[in-house]
């Protein structure tokens, strides 16, 4: 069959897979962002135990591969009494893993705010909480947006692995279609293009727009 | 409550260690391919031909923006569709090599861009040949900039080798999964896999940071003013 | 929880030297045998310094002599190693325990004591994501709990006084260095400090805008009742508005006195050396 016929017949399946991938990406991103800010701030704490918890978390999740973590959450956790469906396991694995990388971005962003800002806020007698929330954070946020864009694309790519624990996302559908039609170039190629569109034409422009908004708020535009 | 079976652990350990060796081999070969092809990608993007550099740029972006595991499937299955049969190892190495070549090309580009423009201009003023310029002036300054990225991707490629298991490459993850499905015990195999990865990647990352510091120091000392 | 460069001292029980405040008019600022070290380097060496209320003191000296450290310690940006700093009769770096002994100040005490002191930095340190007005109302609202309308009114007055009423709604990135520094002065004044610290506030400015900043400081000296400590290289200006000039050398005050005396007839050879070098360069 021609490629158009192929798309006509299997389009809906690609679509449903793509939608699931989008949902996974969205949910895992939210988890990753939450984890990143939490762990990033803890990593900067002056209080030893808190800092070490963050260090252990970050090094653990960055030091092992996402696929191993996914398999572990899905296959081994049930043995400890925690059985998760594959979708939840996927969101959890991807979110926790990329949250660890995000934590380092948060840390870097905060540390990139010039020292003078800390000193000025202190001289004005602002409390540590107010200082962080109103002065440091807004500036840290602008600094960390570009690498976050890259990270979110990594997250999108990471969601493809959940197909290996049988979540019916885009990659899963591509494999299924390949299995039944043997039209590998069409099946996998289409999936690749859809991922590319997500990354290059949805995530990247969105992040650039966000960077522009933040830059204007900080008076840099 | 689940219990850890130690006799089982010792039983499977040799196979897992063998799998680890294959993992290291796959990572090593893949990285070498990536180092070379990445350089090609980077240099092609610096050619005067706008068409060529644009095309290469798009290819690099495409590879970087799409999942490695999908690329692995693509390379493995597309061959037979057109009459070329690639073994799991070959297709795996091609896929992972190309993928990381794309990443490394970005690292190289950033490193070359990171060398101050004035350096290039000084070389022109001193009438150095392109070869001398690169070899003696630009690359030594680009190297410390590139090292952190190169190191990160070395660790990264190592951690991505489990994806090769999906096309049957007998590395560590594949071995563990095989053990698991044969014995119905996943706890020990997968946990050990996790530990092995930690035990290899953490010291490697640490060692790489030391290497970066050493290189910066050495080049700093041997650089003229 | 989050680390900061502030000198938030822990409540360690280091008793300071006994309080030695004189009975009569207490100085607004008193450094009592203050020592500050960075590793093996002693930056301030058992320094004694009194500044009276409404006095204007200029601090001059070569770099590394400890001038900036004096200001930074007063602003609690650095921790003290030995000695006590007093502000307006109350200990700053220490606090009184029940029995009247002095122990190292905890965070809460530092925050209270800090309210009397304001600082203008060499590199302005304005908040880039807020307008000039925003910068000036931020701390009064967040720290003093001032209602917004009141804070805005006060900020507008201050910005008027420093000559930037028309730039109120501009972000720092749109202002020149001189303008930014003037906003920084207004921002510090908004907190109604008793003591104002100026840390080389014109050193990072282009020559043509130094004058506008000095004019503002001159105005403050004449019109407001503020105790002012200035670290500066602007000798002419120091001579003009100071009540007293301190020449720092090697972590101590080598010589101090009224500007007329110190600039024209310094006693200490080091002072002479420094002044002649500065005048030669100027």
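Note that the chains take the letters A, B and C in the order they are written out, and that residue 1 is the start of every chain.
Note that in this section a contact is a pair of C-beta atoms (placed from the backbone, for glycine too) under 8 Å apart; a residue touches a chain by one contact, two chains touch by 3 or more.
From a predicted model like this one, the values you see are computed outputs, not experimental measurements.
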item: Separation of chain C from chain B in steps, with touching chains one step apart; value: 2
item: Per-chain Cα centre nearest the global Cα centre, belonging to chain; value: A
item: Intercentroid distance (Cα basis), chain C paired with chain B, Å; value: 54
item: Where chain A and chain B are represented by their mean Cα positions, the distance between them in whole Å; value: 21
item: Geometric centre distance via CA averages, chain C-chain A, whole Å; value: 46
item: Complex contact set, residues of chain B against chain A; value: 2, 61-62, 64-71, 73-74, 77-78, 80-82, 159-163, 166, 173, 177, 180, 186-187, 190-191, 193-194, 197-198, 201-202, 205
item: Residue numbers on chain A that touch chain B, as the complex places them; value: 59-60, 63-69, 71-72, 75-76, 79-80, 153, 156-158, 160-161, 163-164, 171, 174-175, 178, 182-185, 188-189, 191-192, 195-196, 199-200
item: Complex contact set, residues of chain C against chain A; value: 1-6, 75-77, 111, 114-115, 117-119, 121, 123-131, 138-139, 142-143, 171-174, 184, 187-188, 191
item: Residue ranges of chain A touching chain C (in the complex, touch as defined); value: 41, 44-47, 50, 114-120, 122-128, 130-132, 134-135, 138-139, 142, 217-220
